[in-house]
Amino acid sequence: MSASSVTAASGAVKTPGTELPVVTQPGVPFIEIETLRAKEFLPAAKEALSAMIAERGREDLTQPVFNWAGRNSLFPLHWGLACCAIEFAAAFGARWDAERFGVVPRSSPRQCDLMIVNGTVTWKVAHKLIALYEQMPEPKWVIAMGNCATGGGPFRTAYSVVPGVDKLVPVDLYIAGCPPRPEAMLDGILKLEELIRERKE
Amino acid sequence: MEAEFPALVSARLGDRVAAVEVFPGTLGRVRFRADAALDVFRSMRDDLAFDHLSMIGGIDWVDHREVFYVLWSDARRAYVILSTDLPAENPHIESATCIWPAANWHERETWEMVDIHFDHHPDLRHLLMPDGYVFHPLLRSFKLHEPEELEVKTRNV
Amino acid sequence: MSEMWINMGPQHPMTHGLWNLRVHVDGEMVLDVDPEMGYLHRGIEKISEDRHYNEVVTLMDRCCYVAGLAWEHLYILSAEQALGIRPPERAEWIRMMSEEFQRLGSHLMWYAAFVQDIGLMAPFLYGMRDRDLVLDLFQSYTGARMTYEYMRVGGVRNDLPNGFTDQARKVCDWLIDRFEEYDRLCLASAIFHKRCDGLGKMSRADCVAYGVTGPMLRSAGSKRDLRKDRPYSAYDRVEFDAATADGADVTARYLVRMEEMRQSVRIIRQALDWLDKNPGPVMAARVPRWLGAPYAPIGNEGYLLKRNYPKGLGLSAIEEPHGEAQAYIVNDGGEHPYRVKFRSPVFANISAAKKYLVGYRIADIPPIMGSVDVCVGECDR
């Protein structure tokens, strides 16, 4: 399991008998919280957090909290580069409804933590793409959606096309397809959530 | 109408037109003299009612260049193609923007891609490529990257 | 006063793609605009010179990504004229039906995006839902949702699957009812009229002078529709009307596109009836072999020799969902086209932006540009 590796890396020593009943791995108390009703959320969160802090120290806990919050509310930047943008839009339509995963496109890069590069990147737009990436607050992730963003796609040899957006910004995840279907895009976002779950600073 | 069109063109334009070739699906391909371009354009619009300019394009034939105009007439419900040859050295032709304002962007694109200069164009600057781009991609001498070459070029970007 | 230049783009919710509208404003009023294109210029015309005739079809889907089949149709018509090949009749009807379905798909995408621009959120979901039904039909006979690679020089790749026509009729019946619903959602809404009426006026004379075509031209009272005026494929064998409106403003363009969708359904129903009655081949019998094989078969070095084929020129023009699109192909007798030149309707429509944006307020720009229906892919090529 991915979460068990976090336990091992955090170096928390667990002795039998002193373990909290809900804590089998660091991510789990927050999953428990997710299932609670809203009015019970804050007291339960406070209780679980103070118990965890008393048990294992503050540093081990803040990162899973941030990761849990971040991966459940990924805000991608709302911009369409080319063909994949249409499938990107279709994923937010009635049939796929990407917002059920907490993915809500925002128009300002300052409100975003995910940039989905959905289309061909040309040299003319390259510095604008970098500027947008730099305006996004940390932590931030980049998904290269489709073959053009991954490696230039059918326009790889053209004079005006950047052969892969990883020449410009660091890419966390590549989605294959020309264009990828909305299911593939949602699968990519879920894969990215797995990556964020394992993230350590 | 298609049969009498060449006679109509030569009656209006005289020796400013070299030939009217047959082009299926249109009224013909009118080969005109480049130095009489403005007369031909004006006559086409005013006398022959071709009031809609569809597109302008350039072709690089290595030893010379060709520029062509596709026109549409609502009255005739037909296309006509104007075409002329320009020398490969310093190719230039009069701009059609004063006749058809639609020519503006088409001429900018043709200048950028095929390096044909349009005299008296109001705003001849880059349209599709960034400012300062020095190449003209649709010339035959401009070669695309080979995939292997691309790896070497982009490795240090 | 407070005059300044504002960049709306390349990343802006109004643009629906990558382009930059530089706006000169005095307070709220728009004094001047300067569209800046080319952010999606992928050199399709140059790449086409390195490809075989059938390989260019791949690029056409990506050229206009909301109307891929229409652009395939445009390119194939021109290539067939340049190469002197005639498709069988059934292929022509399938192409016509595909183009009309593509018009439905493109206009539904436009509806979803445009109505979201003016602040109504639910129609986006309705538009995308119904567009997916059209895409499901495409998927059933081309295998893809957006990038089809379906048409070939001399015909189409494969025939329609069994039961396709029944399914297509069901989708048509469903859509016809939904159009009434769309009209109720929009035309009965005071927000819609306050944001759209009287905006983005462009007279018919201006449209003609600036090369503006398609729904924008027909919303100004013109009846020009290349499907009527210069019929290609099987358009001279079906009954339909060119949709027009008066008013030349954003609302008029909405009405024109809605009426066009109804006319598309009308054409599709006639095409489906014809296709049911007339089975037959969908590929021309005598098509040169090199057109179908993109790479030289091993042991057949003679394949790479320069072929001896008649030279020719091809010009095709179709009424694409956005307007009048053209392709001009020069065939010099080689394996690749010598020159391919496309005319994009969006290119011309945006180039006239000064005419329909200046004099309005800056908040009016999103509905006006939404009514233009920008597809940057085909504009920049």
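We call the chains A, B and C, going by the order they appear; numbering starts again at 1 in every chain.
Going forward, a contact is a pair of C-beta atoms (placed from the backbone, for glycine too) under 8 Å apart; a residue touches a chain by one contact, two chains touch by 3 or more.
Bear in mind that the values here come from a model prediction, so they are computed numbers and not experimental data.
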Using mean Cα positions as chain centres, tell me which chain lies farthest from chain B. A
So, comparing each chain's Cα centre against the centre of all protein Cα atoms, which one is closest? C
List the centre-to-centre spacing of chain B and chain C in whole Å, with centres computed as mean CA coordinates. 24
Averaging over Cα atoms per chain, report the distance between chain A and chain C in Å. 35
From the C-alpha centre of chain A to that of chain B, how far is it in Å? 50
Residues of chain B engaged with two or more neighbouring chains: 128-130, 137, 142, 144
Residues of chain C engaged with two or more neighbouring chains: 38, 41, 43, 46-47, 50
Going by residue number, chain A touches two or more other chains at 124, 157-160
Taking the complex as given, what residues does chain A use to touch chain B? 123-124, 152, 156-160, 163-164, 167
Chain B - residues contacting chain A, complex: 128-130, 135, 137, 142, 144-147, 150, 154, 157
Seen from chain C, its contact residues with chain B in the complex are 37-38, 41, 43, 45-47, 50, 81, 208-211, 222, 224, 229-230, 313, 315-317, 324, 326, 328, 330, 338-339, 341, 343, 347-348, 351-352, 380
Touching chain C in the complex, chain A uses residues 77-83, 85-87, 89-90, 92-95, 107, 109, 119-120, 122, 124-125, 128, 132, 154-155, 157-161, 178-179, 181
Contacting residues of chain C [partner chain A, same complex]: 10-13, 16-18, 38-44, 46-47, 50, 58-59, 61-62, 65-66, 109, 112-113, 124-126, 128-129, 131-132, 145-147, 376-377
